[in-house]
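Across the two complexes that follow, chain A remains constant while its partner is chain B and subsequently chain C.
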Partner chain A sequence: MSSFKRWCVKQSTALLLILVCLLMMAFLSVETRSFFSVKNVVNILEANSYRLILAVGMMCAIASGAIDLSMGSILSFSAICMAKAMKAEWSVAGSIMLSLALGMLMGAVNGSVIHLTRINAFIITLATSMLYRGLSLIATQGIPITKLPQLFREIGCGDIFGMESGVTMAIVITVLLIPLFYHTKWGSYVMSLGGNPEALKRSGVPIGLYRVSVFVLTGLLSAVAGIIVTARLNSAEANAGLSMEMDAICAVVMGGTAMRGGSGSLLGTVVAVFLMGLIRNGLTIMSVSSYYQQFITGAMMLCAVIIAEMRERRTRIG
Partner chain B sequence: MEDLILRVTDIRKDYGHIQALQGASLSVKRGSITAVVGDNGSGKSTLIKILSGNIKPDGGSIQVGQESYGSLSIKNAMELGIRTVYQDLSLDNYKNSFENIFLGAELTRGPFLDRRAMKEEAGAILERINVAIPDLEEPVGNLSGGQRQGVAIARALRTPGKILLLDEPTAAMGIHESHSAMNILRSLKEQGMSQLIISHNIHQVFDIADYIWVMRLGRCIAGVATADTTPQQLQELILSRENQEVQ
Partner chain C sequence: MKKIMAFALALVMAMSMAACAKPAEAPVAPVEEAPVAPAEEAPVAPAEEAPAAPAVSATVQKLYDEFDAAMAEQLGAMPESFAELKVGAVVISLTNPFWANMKDCYEAAGAEMGVAIDVQTGTTEGDTASQLDVLMTMADMDYDVIIVSPIDGTNLIPGIVKCNENGVKVINLGPGVDTAALEEAGGHLDAKITVDFAEQGETCANDMIARLPEGGQVAIISGLAGAGQSEGRTAGAKEVLEAAEGFELVAVQNCDWDATLAYDAAKALITEYPELKGVFCCNDTMALAVKEAMAAEGKEGVLIYGVDLTDDARAAISEGTMTGSMSYSSQRYTKAALQMAVMLNEGHVFESFVYLPLTLVHVDNVNDMEGWK
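Now for the complex of A and B:
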């Protein structure tokens, strides 16, 4: 089989999603006047930049045979600490560094507990998501921290190439992940953690180190997403990022990454995030009541995920 | 003194109140194929796991060449030239043949994987041990049992080793695949590789091994040259109620 044909087979779900995106864009362009405009496309990208950052992190976690249900809570707590630091007259750069460090620390805690206790990542991160969300509520007493410095807002959602900086951040992160995930030992071991961790261990690889590193990455990316969300809202609040990890999981599975791990599709994840953004945007433009939007989005995602999973099972290896 | 590559003396291992190994002792001659046979629960796989560094024994010693050790780690075992092919083959089904062969010891160019070099080298290793895999980029999950066994052996022999440990090398294979796997082992013997094979297939063991150890209830109760015994005698030993020191 030629390399190109093998790549097409591997990315078949992503390619199918691209086709669905194109069909949906064609439909929305015909049905509504306002869809096919630069402004609206930019709007879709801006509204989904932080979702993409969370989704690519989640893809790494799922490819490693794990899951991180605490990404939304890490987003919230790291952003609250950053906002509090800025309110306490810390420099913007220092506050952002604090947020990133805290994100990595919370991720490291997740990974270490999972590795040391050998308890399922689902259970551990479900517990830590409540723990971190609880810390956010304790730190803020439920009151949002608003009126953040203008410099911070410039960094988090300032204009770069006519789009919010979050879009550039999402693109840079995704592009950096391509070589990291597919062409380095780290990426190879992360996938083997999902494929056969025992084989990796018997090959002399310190699997604990790599397992923790995956969660450090998801923690870091959650903190980056937190910076974007906080800058966009000009507010850090305890409920920020609520259920966002669910959207991320949905995008990862829809994009063709199997929940059991072993491999992952970055392209599929990117396209799935865009498709989900497209669905939300289309429904808004078509003036579908927000009461129905949640239901329709959920139903469409359910169908897409079922189709993606069925296709994955048909081509399952081993 | 015989030229021994491996000597195991009085190895003991308990799992809670279960005594998996109760003072097992055996030896492997350099360049030979030595088999360990025994019923389920006789301690064969525990012995392999101890020799490959996956678990630590509670007592006894392992002599590799001239050096003696109380226990080994996976890294120690690899450094001492002990190569292991596990019963489950320890392959990542999503990775292709050359990625599996180099798992844990990938060739890199700067920070990036050098897939071309790994593919070339893996092809050479597979050729050396007479394993035919038409497409090295096919995920190993899609290969036949014999080919998967070949990949697992190729991984074990990627770097020069002194002894190859094989845990039930044909357990999950059909007749044809078992035949090809046995041919690989014969070819390795011709190349001078010492082998310790764990098996419960007595007829297969007779077909390939030079020496046979019989394990029962965590002990090696007999060690015989294949030429000096018969499958019937071995079967009687495995099923015997009393320990018989045949050697």
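Now for the complex of A and C:
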């Protein structure tokens, strides 16, 4: 089999999603006036930049055999601390560093607790998601922190190449993850952590370190997404990022990454985020109720996982 | 190792219990919070307006007087002396500035009138089940009257029935309980105080029409579908806008009270309908997000309306980046509800619903609204 053919088989879920995207785009450009305008494509990219950042982080977590349900809460708490720091006359750069550091710290807490207790990541991050969300509520008393410095807004949603800076951030992060995930020791260890942790441990790899590093990464990416979300709305809110981790999981799974870990499809994740963005945007400009949105996304996810599972079984048998 | 972990766990649990028992103290002292010195910052809104009584403009005083007159007509006089009572309130969410403010107003009114009041809430704005859990628990406690503001028309019904059974009086404030469903479940409300949500939408829509003599394309950003406030406001605005000559209602989009969703929806709408002239949003959180989206698009002159008059919305209206917001005095609202609680406890019977008078704060009167709370 030629290497191109092999690649196609490996990425079949992603390719299928691309096909669905194209069909959807064709349909929307016939149905609406503005869909295929540059402006609207930019809108879709902007509205999904932070979702993509969360999703690629989640992809790493899931590939490592774990999951991070606290991403939305980390997003909110790191953004709130950042906004408070700016209100307390910290420099913008300092406040952003603080938020990134807090994101990594919260991720490290997740990873360490999971490694030390050996309790399922699902349970631990579910608990810490409430813990961090609680901190956000305590810190803000439910009152959003608004009117942030102009410089911060320039960084978080200023214009780069005619688009909000979040798009560039998302692209840079995704591109950086390609070599990191597929061509470094870190990447292959993280994947084996999901596939066969016992073998990894026996070959003398400090698996705790790698497990924690995955969560530090998801924490960091959550904080980056928090910067974008906060800058766009010019407001840091305690309920920012609520259930965004669920959208991220949905995109990762739809993109062909198996929940059992051991492998991950970056391309599939990117395409799935874009497809979900297309659905949201299309239904908005067609003025269709958001209920259909839920229904359609659910149906697509179901199809995607069934197809992925069928393929998996065939390759195992064949 | 195991012993150390068990000890650490026990310590954490003990600490959380202590934190729950004394909510006034800073709970659990989170490590991450240390560098930002939260104490200096926290109550942004109340700090500005802490001395509520003195700075009240003539316009606001007039509105207060009108309000008090309208309330006195509906409620009757406050009893001079009354038996001691304990009142509970179940509100929708403390992550929404409107309800966070309502909690403060309840507590202030309770202190002023000498009524003990506890304000409770579910975990998040959409969490209907946990709100019910809160009410079910409160129904078994020693409250004389409980004031409920349900997330949707039916989620609190089992709790209300339980209150009825336990002899706790129930007042419905704000978003309505579905009375037909409640009756079917064998429960009843002892009183109801609310605003007419449809009127909020109608008033904004009428103001929008008056400001756009040439007509044009307009849109509505709704909250959570099925929520009473959202449905009522949307229906009110929709009816007026659809009937108006020269206006085209191009979209009615549910954004679930979520600022991020509203921001993205506004961007998509302005791209599809570049001539968009006005947007009515079912609350200020979403209206402010729409405002930010318009600013990001460099689009000026789109009329944006919201509901609740939060502090940020008021500031935006003063700047002229938002056009108006529907308001009523949360201070007077909670006070009226507590008066009703006292009267119920004294044996008074309310025959009909109590409606609050509403005010549209807009770019032309916002500067006269000093002290409005």
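Going forward, the second predicted complex is superposed on the first by the 289 of 318 C-alpha atoms of A that agree within 3 Å, B and C clash if a C-alpha of one lies under 4 Å from a C-alpha of the other, contacts with A are read in each partner's own complex, and residues count from 1 in each chain.
Quick note on the criterion: a contact is a pair of C-beta atoms (placed from the backbone, for glycine too) under 8 Å apart; a residue touches a chain by one contact, two chains touch by 3 or more.
This structure is a prediction, so every number in the text was calculated from the model and none was measured.
Asks: Considering only the touch criterion stated at the top, classify A:280 as touching first (chain B), second (chain C), both, or neither.
Replies: After superposing on A, A:280 lies in contact with chain C but is clear of chain B.
Asks: One more residue to check, A:12. First (chain B), second (chain C), both or neither?
Replies: neither
Asks: Once chain A of both complexes is superposed, is A:297 in touch with chain B (first), chain C (second), both, or neither?
Replies: Neither partner.
Asks: Identify the partner contact of A:263: answer first if only chain B is touched, second if only chain C is, both if each is, neither if none is.
Replies: A:263: touches chain B, not chain C.
Asks: Answer with first, second, both or neither: which of chain B and chain C does A:205 touch in the superposed model?
Replies: The first partner, chain B, only.
Asks: Taking the superposition as given, does A:179 touch the first partner, chain B, the second, chain C, both, or neither?
Replies: The first partner, chain B, only.
Asks: Would you sort A:168 into first (chain B), second (chain C), both or neither based on which partner it touches?
Replies: neither
Asks: Considering only touches as defined above, state whether A:195 meets chain B (first), chain C (second), both or neither.
Replies: first
Asks: Looking only at contacts as defined up top, I'd like to know whether chain B or chain C touches more of chain A.
Replies: Counting contacted residues of chain A, the larger count belongs to C.
Asks: State which residues of chain A lie in both footprints, the one left by chain B and the one left by chain C.
Replies: none
Asks: Please name which positions on chain A make contact with chain C in the complex.
Replies: Its residues touching chain C are 32-35, 37, 39-40, 43, 46-47, 77, 81, 84-85, 87-88, 98, 102, 105-106, 116-117, 135, 137-147, 157, 164, 229, 232-235, 237-240, 242, 280-281, 284-285, 287, 289-291.
Asks: Touching chain A in the complex: which residues of chain B?
Replies: 52, 54, 74-75, 78, 84, 86, 88, 90-95, 99-100, 103-106, 108, 111-113, 135, 137-139, 141-142, 155
Asks: Give every residue of chain C touching chain A within the complex, in rising order.
Replies: 5, 26-27, 30, 32-33, 35-38, 40-45, 93-97, 99-100, 124-125, 225, 250-256, 258-260, 263-265, 267-269, 271-272, 285, 288-289, 292, 296, 312, 315
Asks: Per the contact definition, I'd like the list of chain A residues that touch chain B in the complex.
Replies: Residues of chain A touching chain B: 1, 3, 6, 179, 183-185, 188, 191-192, 194-196, 198-205, 262-263, 317-318.
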